[in-house]
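Both complexes shown next keep subunit A, but they swap its partner, so subunit B is in the first and subunit C is in the second.
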Partner chain A sequence: MKTDLNQIDQKYQYGFKDKIKPVYTTGAGLNENVVRKISAEKHEPQWMLAIRLRAFHIYQRMPMPNFGPDLSHLNLNKIHYFQRDSDHVSRSWDDVPDTIKNTFQKIGVPQAERKYLAGAEAQYESEAVYTNLKSDLKKMGIIFMDTDSALKKHPDLVKQYFGKLVGAATNKFTALNTAVWSGGTFIYVPKGVHATVPLQSFFRINAGNTGQFERTLIIVDEGASINYVEGCTAPTYSEDSLHAAVVEVFVKKDAFCRYTTIQNWSHNVYSLETKRAVADAHARMEWIDGNLGSKITMKYPSVDLNGPYASGSMLSIAFAKHGVYQDTGAIMRHHAPYTSSNVISKSICKDGGVCNYRGKEKIEPNSKHSKSHVECDTIIMDDQSTTDTIPANIVRNGDSTMEHEARVSKISENDLYYLMSRGLSEKQATKMIIMGFIEPFSKQLPMEYAVELNKLIDLQM
Partner chain B sequence: MNAQVVFATVTGNNEKIADIICRKLKKLGVNVKEIEMFQADADEFQHADIGVICSYTDEGYLPDEGADFCDDLERLDLSGLVFGVAGSGDPVYREHYNSVVDDLSEMLNHAHATQGSDNVKIKLTPNHQDAETLNQFASQLVKVANKIKQN
Partner chain C sequence: MTILDQIERYSKANHEPQWLYEKRRVAWQIQKDLKQPRLNNVRPVDWNLNHEQIHWHHQVDFKNYASDEEQKQGIVKMDLLAAASQYSNLMQENLMEKGVMWNQYRFAAQHLACLQSGVFLFIPSNTVCSKPIDLSDILSHGDLEKHILVIVGANSEATLEFKDRATAKEHGHLMVEILLGDNAHVKYYDAAKSQNRKSHRMLYAYLAQNASLKTYVALLNYHDALYNSQINLDGDGSEAEIHIINLGTNVQHQSICTHIINRGSNTRGLIKERGVVDGHARTHCYTNGEIVKGAKDTSSDQISRLLTLSKQSRGEIDPILLIKDNDIVASHAASIGKLDPNQLYYLKSRGLDDQTADSILIRGFLEPLLTHFPDRKMRQSMVDLLEERLDER
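On to the complex of A and B.
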């Protein structure tokens, strides 16, 4: 326990910044030329340029979101939309430049790999600089690479699925992402293949004022299964950074996909993400989502339940300290009979932080005998913090059930008193209670992520 | 021939527009289904010959209650559908005046649907002249849909 307490006083260990001069950058700001340049720089096919240009025009005419946190301080003209700090995507760890390696060593990629990392792909700035595919995965036929390489090597697959779940016109930031996307992860799991180890990827924003617009595409074919883990830590930096990612997950018949994210952006990052999955008959999609840092997070992962007996779940925690606005939630759309969804959202606010749950459950007329359950738990640690639950529950047939529970509480005086009577300090006791509160979440994480999460929560307290 | 007419309304103006279009389509012998955007499923456009959307503009935003419908729209393959978009708005909103009408028709074009008639933008409540425009709009849609069917 003593060592734990020492860690609390440590400086934020991930708050460092490497000196890297980008090899190629389009400069600050965005216009049609920048979009064309990005596409040309990557030697993309014409159809991708067409998608980018259309999205750019939609982006221009679309207004900013009219709900949730205030985004007026986000200056979109100051952002660098594309930069490349490594000339090519490396295959082996030895080819990765030393400065970048240092960063990854600090966040523990190599250790993770030593343990049981099957294929690590790390996104540094806007491009994957390190891609490693374990031969086992290859033998199984699993394609795991960055989306840029996938576009070159598997153009047909990318063309078939790209933008089919998240359209450019969904919101301003999906339009922006579609116009300037770069990097991200591409995974294809063939029919009946079970990925036995979790696939992992680390994301990291380094220079200030850099937009990260990764585009992730995951296709889990019939009867296959996959567990994908994504970790994000960003160094502390003074200028505002934007992270507008788009994730599309296709879970085919009888397939399973679990997508785990731990997001710990430093407190100047705007994290405006769109994540969407579709589950066919008997398929299951699970989102596991931890939001610890950032300045503003707007993220509402969704599952479209399109086949009978499909199920979707979302398990999330959010932690907001002073100056942090977490606006997160889940969207579940039931389009077929006997579908089920489950949302558990846990949040903790402290020192004037804001945590909102904004979700939507929709049971369509054709989804008879469906079930939906939503649970929102919040701990408010002091009088300055705020939390809101903003659910939209729509049931459009008479045979389905929907449950919604919301609970807001302070840390119980009784629990504190009990723990302190056993010789713990107030700080230790509070920490224990918080750790217990998030346990259902941390239990679902791979070991090293659970350890990292615990450390991060420690640091936040 | 089947037509699906979807409308989103706050003041009732766009419902009036949808009603006028439906009446004309029925007169021309089309099976018409009129439905509020909130209840509409974009998939149903795939089974229709003619698709019409009448929508208001919420200060430049698509109607909130139709978010799912609009979201699905651009991701579908609607080749074979003849579409038309009309809307009522207030010029007081300047650059946002009926801007959603253009957005929706861009999305439908992207979904490979065929634009049967030009977009119709109406100021507030449709008057007699507007009704005439809408009647022509409806007849034009039927004409184009017939042509496509013959081919």
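On to the complex of A and C.
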């Protein structure tokens, strides 16, 4: 991908904060009453309240993670677990409050994008405020809405899949999310349907101390395919904020799903996400995951390869600058014969940033003739930064193959010298090398995201 | 009689120097408050020995077992506890103080407290040993806690050899500590084909400036084993290489932990492993390359390969890089795979039975590493050992 060098000095236009008064909030802190209030405020069915309460009790019992970054500064009692800034879910663009429209404008949703936006779902604060189905998606039978609405309109589907992949007891933050979840995306693609345009969702954290606990549920039925794109930008403010999302993706027989995320939280956000997908026979699941911001990220998207010939892939980049701790990786679990997985992870750290790869590839005894390939590359730009690579490669049968490669180095002095001898400044040359380094990732992105990524990398350098 | 009393009686009976007795006593008193090292998923083979069962029978022997020629060069090879009396100052400074700290982990404290026997090898500065020195021949059998301490002075060169042929009755920890002075170069050959029910072996090394340590290890044990090798590259310009071949059969469960820490500038670490897993065996390789802050112009590389021969065999590799500086090159490569069915088919079509064809391919897999072991005689003895082990498979 070509890099436009003229744009290097552009200011970051996404770092701003709108003044919004939430219409409804449960206040700071969490107890059983808050959970009940959230459920009542949303007029949820009894079974969902039961799930929430059960998860809340698990949450109280569970310990914090005993590995990776230090989470002791995260004060879970100061977080607003639920707030709503507009009373109803808007159906058309005109109904969307102006302040929120402003935000989207500043995020830089291009003019041309507006028509796509009719089919995209935008999330603001803890709940979707704008939902509109593009008519052709509707004709195809694709359900694309926020999870709260889906719970009202398609309760059977939600009940069938909700929490079936990521149980409340998976870790402390999945328990928390299950107890207080709000918003998120729900997608159902019926059998044999191919979504022709990528489905996109913009969402962002705005008010300080806002917990975002999205619950995303994607079901791609047999033979269907979908490309879901999710991008986040967040304004900069001082108090700590938590983003603990849960994403569950069900990819049925012969189906395909690609889930693309670019995360650029501001540097006070704890991003502690759990993403898990299951792929049935001949299905393919792809995670494309960019982590550019936040204070601490702990994210290990996983794929359970449950049917023969299923395949999973993870393509990720992580960029850590001063004060940023990126602890990311991928988990691939092979449970069926002839399954394959592929992980490519690229990390860059500078100015004292920390980039860790923590992954796991597990080939179970019943998963004969399976293949797994992992590559982790890290560029470490100065001696203040650190990086750890901590993979686990487990093969439990004799018929499978597993390959793992990793490399850590600084920017090659030869490459720099060559580019500078052609008249580029050191800054330009460095940037060019970094762009080349992450190219395998950026070329998989839709065009506008690739452009956005370029700008974000610019700003980070 | 408590263990402390036993330690006291044993220590007094052998006329151990006061510092050693004191250290043992303190070590036993603090051991229960210390932690065991945390190894990811590694099943420790008996970290906790039953020290109540120790037979404190070892008699201290003051003979210098180095050959006449070596003695002329000033080389000392003798019983570890005898050396503690005879070379008291040297031992006090070095025994479990540099390669591994006696008060760092519980097993280390227990090891020192209950130390029963061992070997002490001292090679003075500016000495080139022409012949390999065997460390295993005077090691007593049957003791629970054994220790080998090797000190090599500046500018010296040596080849060391260790043969582990432990019998089924033996059981316990063996810790090898190698301390190298400036510009000392040591090659260490370790051929293990032990009948031991549970073998737990450790190697700790400390390298001063420009020193180099190359270990060549063949782990061909019959039963469960934990092999742990940790090399500290403390001096600037020091180099370490670890080469390991390994074979696991039947229901063996083996863990091989290798750890190289680059502390000095211009240091270089390399870990190369090749292992074969057959039957219902499991092999777990835990390789760790660590570069501390300030270690400039360093490299740390790891290559681990496991061949899973049977359908039920299992392999695990955890290749870890912990990098705290940027003027470095670090990499790891790991693979776990099966035999190429085409090659097997070809060999069988030439009339070889399964067993023979397998053996040829195993040799073909291990030899790329084995053939680079520099000493011809030592290499040949390892190849012979491998053949023997393959025949008994």
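The definition used in the following text is that the second predicted complex is superposed on the first by the 441 of 461 C-alpha atoms of A that agree within 3 Å, B and C clash if a C-alpha of one lies under 4 Å from a C-alpha of the other, contacts with A are read in each partner's own complex, and residues count from 1 in each chain.
Here, contacts are C-beta pairs under 8 Å (C-beta built on N, C-alpha and C of every residue); 3 or more make two chains touch, one makes a residue touch a chain.
None of these values were measured; they are calculated from a predicted model.
When both complexes are superposed on subunit A, subunit B and subunit C sit side by side without a clash. Partner contacting the larger number of subunit A residues, of subunit B and subunit C: C.
In the superposed pair of complexes, A:333 makes contact with subunit B only, with no contact to subunit C. In the superposition on chain A, contact of A:409 is made with subunit C only, not with subunit B.
Legend: residue contacts after superposition of the two complexes on their common chain; A:364 is shown touching subunit B, with no touch to subunit C. In the superposed model, A:61 makes contact with subunit B only, not with subunit C.
In the superposition on chain A, contact is made by A:397 with subunit C only, not with subunit B. In the overlay built on the shared chain, the residue A:28 is in contact with neither subunit B nor subunit C. In the superposition on chain A, A:388 makes contact with subunit C only, not with subunit B. Contacts of A:169 after superposition: subunit B is touched, whereas subunit C is not reached.
Minimum Cα separation between subunit B and subunit C in the superposed model: 7 Å. Taken together, the two complexes place residues 396 of subunit A in contact with subunit B and also with subunit C. Put simply, subunit C touches subunit A in their complex at residues 40-41, 277, 293-294, 296, 306, 308-338.
Note for the complex: subunit A touches subunit C at residues 365, 368, 378, 380-383, 385-410. Here subunit A touches subunit B in the complex through residues 54, 58, 61-63, 66, 163-165, 167-170, 333, 362, 364, 396, going by the rule given at the top.
Taken together, the subunit B residues at the contact with subunit A in this complex read 39, 41, 58-61, 68, 70-71, 74-75, 99, 103, 106-107, 110.
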